[in-house]
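Following this line, the structures themselves.
Here come two complexes built around chain A, the first alongside chain B, the second alongside chain C.
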Partner chain A sequence: MMNHDQPSAKDQCGKIWSGIQLLKDTTENKHFLPTGLEGIDTLLGGGLRQGQLTEVTGPSSSGKTQVCLHSASLVAAKNMGVVMYLDTSNSFSASRVATIIDGSSDLFELGLDLQPKDMRLKSVMRSIICESVFDIFALFEVLHQLEVSLLNDKVNNGGSKMCLLIIDSISSLLAPIIGGKYPQGRSMMISVAMILKKLADEHNLSVLVTNHMVSAGNGAVKPALGESWRAVPHVRLVLSRECGSNICTATVLKHTLKASGRTAKFVVPS
Partner chain B sequence: MAAEAGGDPRAWLAVDETASAFISRSLSSRPPITLPPPLHRAPLRPGNVVEIAGPSNSGKSHLLLMAAVQCILPKEWEGIYFGGLGKSVMYLDLDCRFDVLRLAQILRNRIAEGQGSTHLRNGDLEKDDTEDEFQSSFENALFSDCMQRFFYVRCYNSSEFTAALKTVQSRSRSEVLGVGIYFVMIDSIGAFYWIDRASHPTRDHKGKSLQSVTETVVHEIRMFLQLQPALVLVTKAPIYAEGSTTTNDFNRDSSKYLLEDSTVSRCSRQEEGRTLSYRDYMPSIWQSFVTHRINLQVEEAEVPSVQENEVLSTYTSEWVQPSLKTKEKFFIVDVRSCYSYFV
Partner chain C sequence: MLSEEQSQKHITTGSGDLNNILGGGIHCKEVTEIGGVPGVGKTQLGIQLAINVQIPVEYGGLGGKAVYIDTEGSFMVERVYQIAEGCISDILEHFPHSHEKSSFAQKQLQPEHFLADIYYFRVCSYTEQIAAINYLEKFLGEHKDVRIVIIDSVTFHFRQDFDDMALRTRVLSGLSLKLMKIAKAYNLAVVLLNQVTTKFTEGSFQLTLALGDSWSHSCTNRLILYWNGNDRYAYLDKSPSLPVASAPYAVTGKGVRDAGNSNHKRVRVT
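After this line comes the complex of A and B, so read on.
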């Protein structure tokens, strides 16, 4: 969105990578961050991949926010790095995070069961930065500040770098602006997409965003944000949940490595 | 011309070369290229610009990767025939969705297939440990050799894209990239469409509108092709205008897609009685630059696959320019395309 005002200077071209360099960078820096929900992790091939933008879409209360909270909790509890949680509808719940940590069966491996509960919770909460964002301009502002601080290496909580950025939900920020007859709305959407992918690749973040569903005519539903958004995420999952059950089904709409159409079930403990 | 005015006019009428010499020179300097199916139906040579169009998730990037692997594999390696071109690929990633692991998967698969056929031919059914080691070191050496020939640049906006094209030109001139670039891949050309459309040329900006960006891009690619004949493969996703109703997949009821205007050319397809008409959104200077077009679709037909929990989608491809009035179906099973049949 911010075009460089350099009338005669040439813009810098990005680095030219060779296949070997790319492979080395991916193996060394772009790891999978598990979400803690086994079905989802299997579908994703290990978890949320650093350097990629993963979208989780589905009708309301199909488990999208739960996936976000689980990933944030697990990454923070395992000390993989700092998590930034951008919340657009006050869905972040510290008590839910506490329940997830307590209920997690990995605790024995983590060695955290020896710590008193509140100490454990404090150290996890220190690794999660939660910010409320209610419109697209606030999002641009937050992302810009994040870019600056990552470049200056300031987002350091006891030495760990940020590794996960969650935006729940990005569609509530973008859907209001992309309707209408002027191209500015979609231009802003694509600009946000480019900023997120650049952050993901240059700073080894995994970006997780949620999207909602809209009607597609004939009673069918489809993910919101339209066709232009379809080309943006690396991985897209659709969730669904039967009424009253806590078993959710996830289907792969798109994946960079695996065929789409695969499904898996996972349980969201209540 | 003035200097030659004193020369022999008959010399002007002398033959430069015969047609057969011309054809053999042309075929040797720009040999025909065979790409993996379904891109193999139209004859392609370096200097051609192929546009692979299709909605999201219709297999466009997969086709690019298959073609890239075809290019970077050598024709022959230590006695085993692979049938590749052994030249470099330059991949310009505008979507920023490239996954190097997928390229690695496809490449390793092709290497294993090439080796597997040798084993069958030799009737070699028993393997011992030393042979395994030899095989994997052979594979790794070939793999590294091929990956050295793959070059990749990410572009986050149009300025970076044009800068990348200029850099590729200048580096090619100074031969830094070693073996000449034979394939240029751009994924995908409409990535910055909305951003460019929304930016207004102001006094300071010097006109970074969509039209001027496209003109610069076409100019730079032309300059590069003059320097070094290469095959250009470009993917393109359709863009839908504001306020139009669209459906994700092409389903039963006939729907019209109102696409962004700006040009004249229109391709329409008849499919089982429905008419879908596309209008291209790229400026006409790009459309006249493209020499070949192929359209891809994906159908949600439920084809049961070998593994459970998996539904294979059927992909179809159709050459629009040159217009071959047939459509072909193919499947993508994890890493390979199982190329199927004509419709």
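After this line comes the complex of A and C, so read on.
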């Protein structure tokens, strides 16, 4: 018996899907959430895919937080659903969200430019839930509570369900426990990964996380969190920014649908 | 959330140009890292901020106290007294004596009072540094009027004596998360002063901030102080809501001020 709505979590556990059901689910439910930054959306094939975990990594100040803020603002402004923003570095700023929306060219299409500014911002901010998380145990707590509320269908904003979960940055939370002699750190990292992928799949969320870079010997850099994390995200992008400019470059490290190695430039508007 | 942000006061740095690139001054609830070569004025800026946070609310400041954690012993009390006097004379110049301002408030503008409201901790090893930061939470719970915590410098005890780099990374990331939590929970600004080191990338040696790539990821804002000929400049390297920008500043007998008035500048000592 095929459901035309998104199947509930109970149905998904242990349910065996046929190819036709999967295709139907993909075309009907797994949409792309645009980030609002043209170069990145092109690289991603439309945006952040629902049901997938996307990682954005890069050296310091390369634009990772901006990608997160842009996605959150645009998804909220377009009323695509509720956004949950977990911030570990006190970087979420409502005034920045306001600047992004005011500068966005999509507004004109949506007819939102007719609304007064503060009304517009209020309705956008109502769709963004921002929480500060400062250690890994707090993250587990938040994710667990999220799981429970999603199961009980409580996370909605007058009808729209949650569609985007952003963690900026997950590597800051994992850095204090990874490495060293004891494997508990790495096992916690894998637990978090499993929970995030489960949330993405069962509740049709798109999950966006940011990671930083560490040195790889001989002056090269590589994404942090090690080899075990490499296999976790579905899509991985590396950002970089030339000193003193607003132009950032994104390179695809890993993608489920497209070839990796492609790059695109995007501009972070101020 | 937006209204809260807009009503946040910033801590002025003493130099108008510097305040401009920082969006009004040092932000509360955020961790700002300030780095530069020796002699460029980091400690001067730290001391200036410890004084400026105490500017009474009637004169446009925050009227808060400061916590100064000194790891290098560069906190010279005579200089702090001088800077306090300079700050007071500037306030009195800016707000000429009028009958509306209570004479009590004017009497409070004594350098001794400014010195009395700086809580000074001297740490002599990295374990003491970690202990001081762990103790801060309890201390701040008892002293709710502290509005800035300055650590000068956060690097010093972590550069030598560390055989295990992975341990250093873990300890530092844990430290930065604790500081983020304190900044958010007690609504204060955290300012970390950092040193520079040389890094070998792409075949050449470059000056970068010390403590590695993971550390550069764990602050909200970063300001780099550098020399341009004989002038001091500050470059905003990382910020979630402001574009990168540079501004000149000067260190005078009265403290950190705008560049331009070249009579009182402290010259570069090479």
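What to note about this one:
The rule we apply is simple: the second predicted complex is superposed on the first by the 257 of 270 C-alpha atoms of A that agree within 3 Å, B and C clash if a C-alpha of one lies under 4 Å from a C-alpha of the other, contacts with A are read in each partner's own complex, and residues count from 1 in each chain.
Quick note on the criterion: a contact is a pair of C-beta atoms (placed from the backbone, for glycine too) under 8 Å apart; a residue touches a chain by one contact, two chains touch by 3 or more.
This one's a predicted model, so the numbers in the text were calculated from it and none came from an experiment.
In this overlay on chain A, chain B fits alongside chain C without clashing.
Applying the stated contact rule after C-alpha superposition, one finds that A:S91 touches chain C and leaves chain B untouched.
Of the two partner chains placed by superposition, only chain C is touched by A:S172; chain B is not. Between chain B and chain C, more residues of chain A are touched by B.
Once the two complexes are laid over each other on the shared chain, residue contacts for A:M189 go to chain B alone; chain C is not touched.
In the superposed model, A:S240 makes contact with neither chain B nor chain C. Once the two complexes are overlaid on the shared chain, A:L22 sits against chain B while remaining clear of chain C. When the two structures are aligned on the shared chain, A:S260 is found in touch with chain B, with no touch to chain C. Legend: residue contacts after superposition of the two complexes on their common chain; A:G217 is shown touching chain B, with no touch to chain C. Once the two complexes are overlaid on the shared chain, A:N79 sits clear of chain B and of chain C alike.
In the superposed model, A:T42 lies in contact with neither chain B nor chain C. After superposing the two complexes on chain A, the shortest C-alpha to C-alpha distance between chain B and chain C comes to 8 Å. Note: residues 179-180 of chain A belong to the chain B contact set and to the chain C contact set alike, using the contact criterion stated above.
Those residues of chain C that touch chain A in the shared complex are 1-2, 5-6, 29-31, 166-167, 169-171, 173-174, 176-178, 180-181, 183-184, 199-203, 212-214, 216-220, 222, 237-238, 240-244. Put simply, chain B touches chain A in their complex at residues 55-57, 72, 95-97, 99-105, 144, 146-157, 159-160, 162-164, 166-168, 171, 177, 188, 191-192, 194-195, 197-199, 204-206, 208, 237-240, 242-243, 245-248, 253, 309-313, 332-334.
Within the complex formed with chain B, the chain A residues making contact are 1, 3-5, 7, 10-20, 22-23, 26, 52, 179-187, 189-191, 194, 197-198, 201, 216-218, 222, 226-228, 230-231, 234, 253-254, 256-264. Listing the residues of chain A that touch chain C in their complex gives 59-61, 65-66, 69, 88-96, 98-99, 121, 125, 130, 132, 134-135, 169, 171-173, 175-180, 212-215, 219, 221, 224, 244, 246, 270.
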